[in-house]
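Two complexes, one shared chain (subunit A), two partners (subunit B, subunit C).
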Partner chain A sequence: MLYVELLAQGLVQGSIYALVAVGLTLVYGLLRILHVAHAGLFTLGGYVGVLVTNATGSLLLALLVAMVTVGIVGMAIYRLCYQPILDKPPYVALIASIGLFIAMEEIYRLVFGPYGISFENPPLQDVVQMFGVTLRLGEVATAAGTLLLVGALAVFSGKTRFGTAWRATVTDPAMAESFGIDIIKVRYLNFFIGSAFAASAGVMVALLNNMVEPTMGSVPSYKALAIIVLRGLGDVRGTLVAALALGVIEAFGTIYLGKFLDRDAIAFAFLILVLMVRPQGLFGRA
Partner chain B sequence: MLGLGAYEISVITAMGIAVIFALSLNLITGFCGQISLGHAAFYGIGAYTSALLTKAGFPIGVGLLGAVILAGLVGIVVGFASLRVRHDFLAITTMGVGFLFVGITRQMDFVGGEMGVSGIPASGFGKPGFMLFVMLCVVLTILFSLHLKRSWMGYSFDAIASDEDTAKVIGLDVSRYKLAAFAMGTALAGLAGALYAHNVRFIDPESFGFVESITVLAMVVIGGIGSVPGVIFAAALLSVLPLWIQFFDEYKLLLYGGLLFAMMRFSPGGMAGLARRIIPSKAKGARS
Partner chain C sequence: MSITKQMMAALAITGSLISTAVLADTVKIGMNVPLTGFAAADGKSALLGAELAIEQANAEGGINGTQIELIQYDDLASPKEAVPIANRLISQDEVVVAISGSYSGSTRAAAGIFQSEGVPYVSAYAVHPDITKSGDYVFRTSFVGEVQGRAGAKLIGEMLGKKRVVVITLQNDFGQSLAAGFKEKAADYGIEIISEYEYSIKDRQFGPIVTKVKADQPDAIYASGYFFTAGPLVNQLRSAGIDVPVIGQEGYDSDKFIEIAGPTSEGVLITTSLDRDSTVAETQEFIKAFEKKAGYNADMVAASGHTAAKVVIEAMRKAGTTDRAAIRDAIAQTNLVASTGTISFNGLGEVKKDVQIQIVKDGAWHHFAVIDDKDLLAPPEE
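Our next item is the complex of A and B:
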């Protein structure tokens, strides 16, 4: 029973990682930027989610508002921060992104206070029995929401004209441009969707912990970075598998390795191990 | 002594330690072009090694030497990672090393776990004496950096930093030079960490976390990646500003983050790059 319980917890945690990592993977695939400031957008999503829920009482509305606002902020970050330094060596964008992330966390701390904010009436706290394990409704909603969003993304990128243009741009920007695709528009779309996904993850974490705080973005996003490296340069599907796997590995690792490593270090121990054996990543092609 | 009060002495000591730490990262990231987001781990290894050795009764000399050797050895191991992965992947791997260090020290009881190590013996030179000792280490580190930059090894580092594949093609043993850069840079970080431990006399895992790694990276980047005077200036400035201005301490991270971003966005060469742009050298003037 313990195993099923751990598996369920791992999958819920993995869903959060997946939503954050999908956005990072989209940005990395298109621009080869390790978008650390993505974590700041995740946190912003959490704050918007809690504030709107408290104001209106509707979690669903809050989720939508968070995804749209954060998506727009994400596009602004691309336009103002990344676009001007795309031709510089890769470390320039990476360090700029880290700087931006730290500044964002500090702004949240100064604006919303250091202790974080909570829901006035925490939604979805009821407990349900599923497959013999006890889960909170919030956890079920997290897993279901992730499935829904990722499924929608798969349909969008696979079945629509815009999705095809998008995939073409990720595969070969120069070729896509010569076929008449507006790659600037694709980049904006990319940042909008990636950031909106991060925001949804932020709202879900706020729901699970009934708490948002300025530094809540750090740990999931460092792990999301690890995940996109683990996945190598594969596709969104690889990211999903790696994210869920990491959630499960952590859940079991905390029980069996907790004496030597804390939870956050397990992910990186696994990452370093994989990279040393397969530098191209777990699912990458050599 | 020297007309300095106790406060000035502690400020100068802290500043000196920051300069050594920043120059140590500059060897790896600045000279050799290998980005590291986990440099605080080596600072921490140095601090823990020297703290535990001196607490066990060894003299401070043994503590410092042990710190340098152990940090350098672990540095070589991490250096092997730089042979396997590059650029962004190396950044994430070194970041992982940083988290691993904090994660392990937190869980291990014989290094104090979450509680850290307290009651670390002072240097035994007295506060002013320790300041002079730190300053001596700073001068030696600066001389070493300057010498290295103009040596054959320094030129090889430069070649690797600007284009690794070409460096390989012209026959440089890239792997050996990278490992050398990691060994020297991390050993120096170990020294800085040991000095830090004997200065503040209390350490815990949180003192060597990701924020510390970013702080030192900020010093190197804001000073100007690879520029020895730039890095010294930025490290000295960024380490004393929070001590001088109380108001500044509250906004310290915001300013670090903002500066990091602004520097990369507007002047990726850092302060050294800015200085070069404002005061063009004769050679450049002739060219343009």
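Our next item is the complex of A and C:
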């Protein structure tokens, strides 16, 4: 039973990684920018989620407000930070992104205080028994929410006209533009969806920890980068699998390897191992 | 020389005399404290605590009539920031003494510099054993981790009578020295450590550890951490239905812990330096004055910042000079009632005081017990 419970915990953790990594994947796929500041948007999502829940008492409303607000902030970051330097070498955008991430952490500290904030009445704290596994409702909601969001994204990108345009732009921006696709609009949409996903992950982590703090994004910032490398830089389908796999490996690793390696070391040892065997990533083509 | 020129010259001389007089009119205390970065919350409490001590001392006439000035720099709790700060405090600001309101890494780095320049340096709440080993100019007003760990063993094994214990350790010098002290004395109190887990300071989600602890079925849990790790940890332990006592330390010591863990914080016990229900006037006054100044309740870090500043102020008053060697000697002779208890130092500069046990009751920290066993709490001498 212990193994099943550990598996469940790993899947919950992996869901959160997946939500953050999807946004990074989208940005990398489209613009070849390693968007480190994405983790800052994850934190912002947590803050908006807690503040709106405390003000209105509705977690669902808070989740929606967080996703829309952070989505808009994500678009603003593209317009103000990345667009002016798109013609520069990739490391310019990377440096800008890292700078922005550090600035965001300090802005949160100045605006919301260094201590972090918590829910006044933490929602979804009840415990449920499912298939012999004990989980908090918040954990179930996290896993279910992730499946729902990633599923919706798959349908959107696969079945709608806008999704087709999007995929075409990712594959070959110049060709897509010559077919009349507004690639600027696609970029905005890209940042909106990716950022909204990060915001939803932020709200879920706030729920699981009952705390949002300025430096909350520091772990997802590099772990999500590891996941998009694992998946083989370039497509969306494998992100969920890679993120869930990492979550499960960490869950077991924390218990059985925790004496020698901490959680982050386990994640990166796994990354190095995968890249040694499959340099193109778990799902990349050689 | 015309009269105007003479007057100008006279004015200039007087002016410079006045400004020199103003400059010489304060005694400077230096402080390195994290005001940004991950330790900013503790840094804020430590700084406000030290500021309070200085305001109180200045209201009573400062150091024998001379006002005290606090010069502080943000060290981000990082050793590489702390080194230039220590140098600047000594050579540029010419502080007479300094205190640390920071964590072990930066305090340890700065301590060596203050020692080599012969500037007395008092660490408010950093726990690493090497800090005071820097030399005879370095003191500490908080317990080393080992001492608190030993107190934790007595609390669990003897006072609570719990024998099968799980140890959850934060992977840094704070957590590891606590665990070392706990394990050193565990057997003496009949404690069997049935399993041990470690986590990183960045962890907030303890799902796998909680799952395993549940399977271990311990009588009690000894978990090191800070309020921002312990809050989520306790919440997750209790949510999983684990209701055995959780014993923490001064890192939990903040109202923020109770806010994060919510009702699940009830009954959590910690070993710490601040007794909220103390009947000692000094402690009561501190708690009231801090709340008025800061706008939030005092915690261990605030009290420690206040205590460290008070120790150096009292020593400067007693020494009656700005001679650093004389002030060092006065600090070594300290016997002072401070907000964290009655303070004196051993030969290494480690504090000798009682350990306070606090419990969360009705959403606030309260008195549970005091450990005053001098042998058990003896700090390291070398």
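The rule is short, and it goes like this: the second predicted complex is superposed on the first by the 285 of 286 C-alpha atoms of A that agree within 3 Å, B and C clash if a C-alpha of one lies under 4 Å from a C-alpha of the other, contacts with A are read in each partner's own complex, and residues count from 1 in each chain.
The rule is simple: a contact is a pair of C-beta atoms (placed from the backbone, for glycine too) under 8 Å apart; a residue touches a chain by one contact, two chains touch by 3 or more.
In this text the structure is predicted, and so the values were computed from the model without any measurement.
> Is A:Ser218 touching the first partner subunit B, the second partner subunit C, both, or neither of them?
Both partners, subunit B and subunit C.
> Report for A:Phe112: first if it touches subunit B alone, second if subunit C alone, otherwise both or neither.
The answer is neither, since A:Phe112 touches no partner chain.
> Mind working out whether A:Pro122 is in touch with subunit B, subunit C, both or neither, as first, second, both or neither?
After superposing on A, A:Pro122 lies in contact with subunit C but is clear of subunit B.
> Quick one: is A:Phe156 in contact with subunit B, with subunit C, with both, or with neither? Answer first, second, both or neither.
A:Phe156: touches no partner chain.
> Considering only touches as defined above, state whether A:Thr254 meets subunit B (first), subunit C (second), both or neither.
second
> Using the superposition on chain A described above, determine whether A:Asp262 touches subunit B (first), subunit C (second), both, or neither.
both
> Does any part of subunit A touch subunit B in one structure and subunit C in the other, and if so which residues?
Subunit A residues touching both partners: 106, 218, 258-259, 262, 264.
> Touching residues of subunit B toward subunit A in the complex: what are they?
Subunit B residues touching subunit A: 35, 37, 80-81, 84-85, 87-89, 91-93, 95-97, 99-100, 102-104, 106-108, 210, 214, 217-218, 221, 251, 253-254, 256-265, 268.
> Applying the document's contact rule, which stretches of subunit A touch subunit B when the two form their complex?
By the definition above, subunit A touches subunit B via 28, 32, 34, 81, 84-85, 88-96, 98-107, 110, 218, 222, 225-226, 229, 258-262, 264-269, 271-272, 275-276, 279.
> Help me check something: in the complex, which residues belonging to subunit C touch subunit A?
Listed in rising order, the residues of subunit C that touch subunit A are 36-38, 40-41, 43-44, 171, 196-200, 202-205, 207-212, 214-215, 228, 231-232, 235, 239-241, 256, 259-262.
> Touching residues of subunit A toward subunit C in the complex: what are they?
Subunit A reaches subunit C through residues 1-2, 5-6, 9-10, 12-13, 106, 109, 113-116, 118, 122, 125, 127, 134, 136, 139, 205, 208-211, 213-216, 218-219, 250-252, 254-255, 258-259, 262-264.
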